[in-house]
Amino acid sequence: MQEALQFTPQVAASSIAQILWLIPAGPMVMSGVIALLRQRRRTLASTLAIGSLAFSLLLALAAFGHVLSGWMSGHAVRETVKITWIQVGNSTVDLGWVLDPLSAVMLVMVTFVGLLIFIYSVGYMAHDENFTRFFCFLSLFAGAMLGVVIANSLLLLFMCWELVGLTSYLLIGFWYQKPSAAAAAKKAFLTTRIGDVFFLLGIVWLFAQTGTLLFYNNGAGSMEPAALVGLLAAPAGWGLSAAGAIALLIFAGAAGKSGQLPLHVWLPDAMEGPTPVSALIHAATMVAAGVYLVARVFPLMQAGAPMGGSNTALTVVTWVGASTAVFAALIAVAQNDIKRILAYSTVSQLGYMMAGLGLGGVAVGMFHLITHAFFKALLFMGAGSVIHGCHEEQDVRNMGGLWKKMPATFATYAIGMLALSGFPLFFSGFWSKDAILESAHNWHSGKGPYFMLVFGALLTAFYMTRQVSYVFFGKWRGHGHAHESPRVMTVPLALLAFFAIALGVLGTPAWPWFRSFLTDKPAAFEWAGFNEPGLIQLMATSTLVVFVGLGLGWLLYGNRSPKPEEADVLEKAVPPIWSVLHNRLYVDELYGGTVIAFYAWWARVADWLDRRVWGGMVAAVTGLFSLWAKLNRFLDTNWVDGTFDKGCEELSAGGGLVARVQSGRVQTYLRLLALAVVVLAAILIWSSRG
Amino acid sequence: MTPLAGYLLVAALVFSIGLAGALTRRNAILVLIGIELMLNAANLNLIAFWRYGPHPEALTGMMFAVFSIAVAAAEAAVGLGLVISIYRHAHTTDLDEMNRMKG
Amino acid sequence: MTIVFWILAALTVSGGLATVLLKNTVHCALAVTGAFAGLALMFLQLDAQFAGFAQILVYIGAVAILVVFAILLTRGSETPKGGIFSHTWLAGLCLAAAVFAVLGWAVLSSQHALPLEAGSPVVSVMDIGNALMSRYVLPLEIVALLLTAAMIGAVIVAMHEKGDLK
Amino acid sequence: MVTTLDQIFVALKLWIVGLLPAALQPTAGVLLSVVAIIATFPALFAIAVLLERKGLGRMQNRIGPNRVGPLGILQPVADGLKSLTKEDIVPFSADAAVHFMAPVVLVVVVFMGFAVLPMGRNMTLVHMDSALLFYFAMGACTELSIFMAGWASRNKYSLLGAMRAVAQMISYEVPMLMSSVTVVMITGSLSLDKIVEAQNHYTWGLPHWYIFTPWGLAAFLMFAIAATAETNRSPFDLPEGESELVAGYFTEYSGFKFAEFFLGEYVGMLSISGLGTTLFLGGWSAPLEILGFMPSWFWFFSKIMMGICVFIWLRGTLPRLRQDQLMNFAWKFVLPMTLLNVFVVGLWRFLGEGWMRWVGCSAILLLAYVTVGRAEMNRKHYGPRSYRYAE
């Protein structure tokens, strides 16, 4: 086994693709450097982190431009660079990275949003004494995520994936002195681990099947037709092909990272981390990673699916996504912690993305991912700025009337909220969600997801309205007096707000630029895009739904300022439902009652076995031996000792005799030495002459 | 009697004299001196063998002697230092009174 | 067997004997110096100039002085009560005699094997230097290390615990 | 003519030896040279004493000896006669044998040193391959004799003086060796003849003496200091510091033994300056090419006498050091500097010909001397003395 790291660029790879690795490398190296800094070098640390990420952003833009120009000139760009990592015999494990529209778009998004969040956190963490450590972790986080994005090999992707998990653990538990934070960090780590186990299984299986982990390797990659055909051919039981099974396993990993239904519990608790971290996790990096993974392996996902139809994997993805969307939205309705509400909304939006992937393919899901990244980052940072302004107050009931107190925050937050709830025509959220709904509507196998998603949209509009009216309208119910946040925090908000609106342009049915960019079909702008059958009605419906949601929310919560201790409107209306929702549908309790209880029970059983069964045996054996020992003792005392003691006395006497030789006198020893020499010499001579 | 034998006999004599001194004197310093004498006798042997040996041009014996002289110097320095420090503790250099290491 | 050899032998042996037998420790030190000188002269007689001068330089120039200093520092010059010989002197003497007997026996019995005449090697200091720097460079380095270590050790050992000497 | 004058002593020796039967010739040759040395240097010793007494007198605004003979030239003779005729006192409790041996050993050893000094062209008594080593071996022996003198006198002043002397000589022997090693490194030989030969050629009429190189100058300065200390001359004359110890290790000596010590000291000075001359001042070679016509032995002896004059001058000028100052100076300044010098010589050797090695070596040495000198000067223990009274 020879481990050579020979670097084999392929002919097509352009210079920008060659140096693509610099994008994640920069922040990673910088985090290493920052780790070496002393705690006091705050400015230096933040400068290094931000600078490195800005550098990555420039590179990402360059890469994007490269891809864009290639796309403009009509041929799809997909350049890969391969590094042979391990070579065993003739089977190699390759790492590598790929530059194609998907990764290019993702790179730009991550670096840009990440950069804004970095700048923002300079202001937000200004008073924390572990500032440097924070930036160390932060840039490592960003670097890992960028690694996930550019990875062309499932293995490299998995490495960075785990790195993301680790850094998320570190960052969520950043305020480790808070027990809740530590617990949340542990929870996040373990929960995602569950998904990752399946993911790893999928990877191994894939390697066993195809012998490579590269996605694209001019025809030899695992995401390319040749391999896929082989995978489809291989059966895996339960009527699944190997492709389907592996796809599901990988999806489990993705579900873990991006908080899909069974494994979403860690995401809301992750709010314990500092707000910029929440923003980063929820908007740009971590949860996006799951969706991105699915998008990345989409060829595998849809392998064997009939044109426009679906296969097992996609169906599962769709249903999980849809149900997550509704489920989380329901919970979000009844939360009072400003960040928790956003967290659940993130979960539900991730459900939308997954559903979009399952229903409409990469373009739909990714488009929502991008737009969501922007406005969710916006919302989180807005929330952060609110919390910052209200002196670390997080309960929405203790706020209110902030719209005069912090106008900038309010304006940007409102934009983000409207975008999230899909306010028609002007906001990116509307178009991306609309695309998902459309594809759900046109889905061949059942309308279930469609209705669920529509309901989800309603709820989204509702709880966002609730939150905003709680926070920004009514009378100020907090203590102390709130203040606007510093410029370093508001400027990023403004930027994000701009993009939250502008990005919509890229995805209108009239000019589906984004879709065509990802799916390599050049797109022209024609109004005819709207003439698709049912499209207008669809848009109308979603608009209607959104307005209903908004109106309902305003009706119930608008402009009234309840006492903090006063019960919520819904609570008064329908207490049981409220309590169920307020307690997050008892999922944590459910897990506590089932999984954890099961383990506890097992532990108790094992304990009992230990005590009773094994312990009993041991006790029996011990008793036997002790009995035997007693017998021995009896014999000893009575007739061994006599003789033995005699022997001991003899021995000690002899010892004394010998000890006399060691008189502690140098010359005695010297004498013995000399004697020995004499004898030795005599013997030698005698033997030599004889 | 060949010359070499003469040198060897002298060396042997000096060696045993040194040994006798080391074994019989009570003063630690004189014991050290005796040891030095023994070392010198050994050096004489080396030189004599080098001189009368088959390959004098190989310098081996002489080199050995030179190195052993250097080592002897070090030994003397350390040994005398030890004697002095012992004297500081026990206020004597009489070996008969120095039997702290008695077993 | 030249007359010179006999003189030198006499000088050396008498010096050694004096070292062992004399009462006054300082006299012993001086006597041993005589023995060293005799040995050095023997080296010279054996055409080992370098070794001989090194012997004089090291033993008479350094070791003897060290010994003398040690004697004065330990008040060793006044003869101790109860004789200068340890009470086991007889055993020591017998052993020494035995050693001499064995060695002498060995020499005499192997006399027939010993070469009669010496080749006359022309050894310049240059040769020695070259040998030291080429073939014996490793021992040289090691000896240098040893000497340094010995020096430091001696200083530390002989230094006053409460560094009031400096 | 020139050569005859140059080689006159050699010729004389050959002629005398030629008169003897062949069997005795080698022994006779050696004896003759020995006799010559034993005759010459005491004479020089007398001259040196006279020179010193008169010179010191002048330095101290005295006239100096001027009674015996014209201008007091015969003063040394008078001293000699006096010391020969004085009673030889051996203290009652002294260790007679050692007390007697000490001066003998000293004188013998000191005279031994001359055996290897080339005193002129073809005027080396023993052509020895490791002459320098021999010389230092002999020098090492003097310490022992001094110790013997001090210890045998059973007198605390003598003992203290002896201990001081021995400590001082040991301390300064090391730098002396080191500074001579530099010359050996360049010449590539321990033989003093070769060393002189190596310096005995000229460019533009100027000699190639080692003192005219940066390292050579540094080494020579260190050598001079060490030599002054080795011979217990002022400012390093603590062993016989009259103010503290009556006369140091030869307090208890009188008459001829004292004269022997006196002789030993001065002959020691002569031989040391002879060695310094040989090592750094080109031995018997002429200071200028055009002066080559004068006999080599003349140059040698004149250089030696120059050395003596320097000794006298120092004695007349400098105050006596204190013991701790002496030791600190030896171990903390002289020794490091000589070691550095050894390194510099290595550099010199391997930088090869050219101006570069001159600049480099001089730069290193200057820097070292300035910095270390400054540091040493600013040390506290060179400040005013603090007395500790015996309670």
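Annotations
In this document, chain identifiers A, B, C and D correspond to the written order of the chains, with residue numbering beginning at 1 in each.
Please note the rule applied: a residue touches a chain if its C-beta (ideal position, glycine included) is under 8 Å from a C-beta of that chain, and two chains touch if they have at least 3 such contacts.
From a predicted model like this one, the values you see are computed outputs, not experimental measurements.
Ranked by how far their CA centres sit from the centre of subunit C, the chains are topped by A.
In terms of C-beta pairs in contact, C-D outnumbers the other of A-B and C-D. Centroids built from CA atoms put subunit B at 77 Å from subunit A. The mean-CA centres of subunit C and subunit D are about 29 angstrom from one another, to the nearest whole unit. Separating the CA-averaged centres of subunit A and subunit D is a span of 87 Å. Each chain gets a centre from the mean of its Cα atoms; for subunit B and subunit D, those two points are 34 Å apart.
In subunit B, the residues that touch at least two other chains are 19, 22-24, 95-96.
Shared contact sites, meaning residues of subunit C that touch two or more other chains, fall at 50, 54, 62, 69, 86, 88, 91-92, 95-96, 99, 103.
Working note: touching chain pairs come out as A-B, A-C, B-C, C-D. Partner subunit A is touched in their complex by these residues of subunit C: 86, 88, 91-92, 95-96, 98-99, 102-103, 105-106, 109-110. Listing the residues of subunit B that touch subunit A in their complex gives 19, 22-24, 28, 31, 95-96, 98-103. Residues of subunit B that touch subunit C in their complex: 1-10, 12-27, 29-30, 32-34, 36-37, 40, 43-44, 47-48, 50-54, 56-57, 59, 62-63, 65-67, 69-78, 80-85, 87-88, 93-96. Note for the complex: subunit A touches subunit C at residues 665, 667-668, 671, 674-675, 677-678, 681-682, 685, 689. Listing the residues of subunit C that touch subunit B in their complex gives 1, 5, 9, 12-13, 16-17, 19-20, 25, 28-29, 32, 35-36, 39, 42-43, 46-48, 50-51, 54-55, 58-59, 62-63, 66-67, 69-71, 73-74, 76, 80, 83-89, 91-93, 95-97, 99-100, 103-104, 107-108, 111, 114-116, 118-119, 121, 123, 127-128, 131-132, 136, 139, 143, 146-147, 149-151, 153-155, 157-158, 160.
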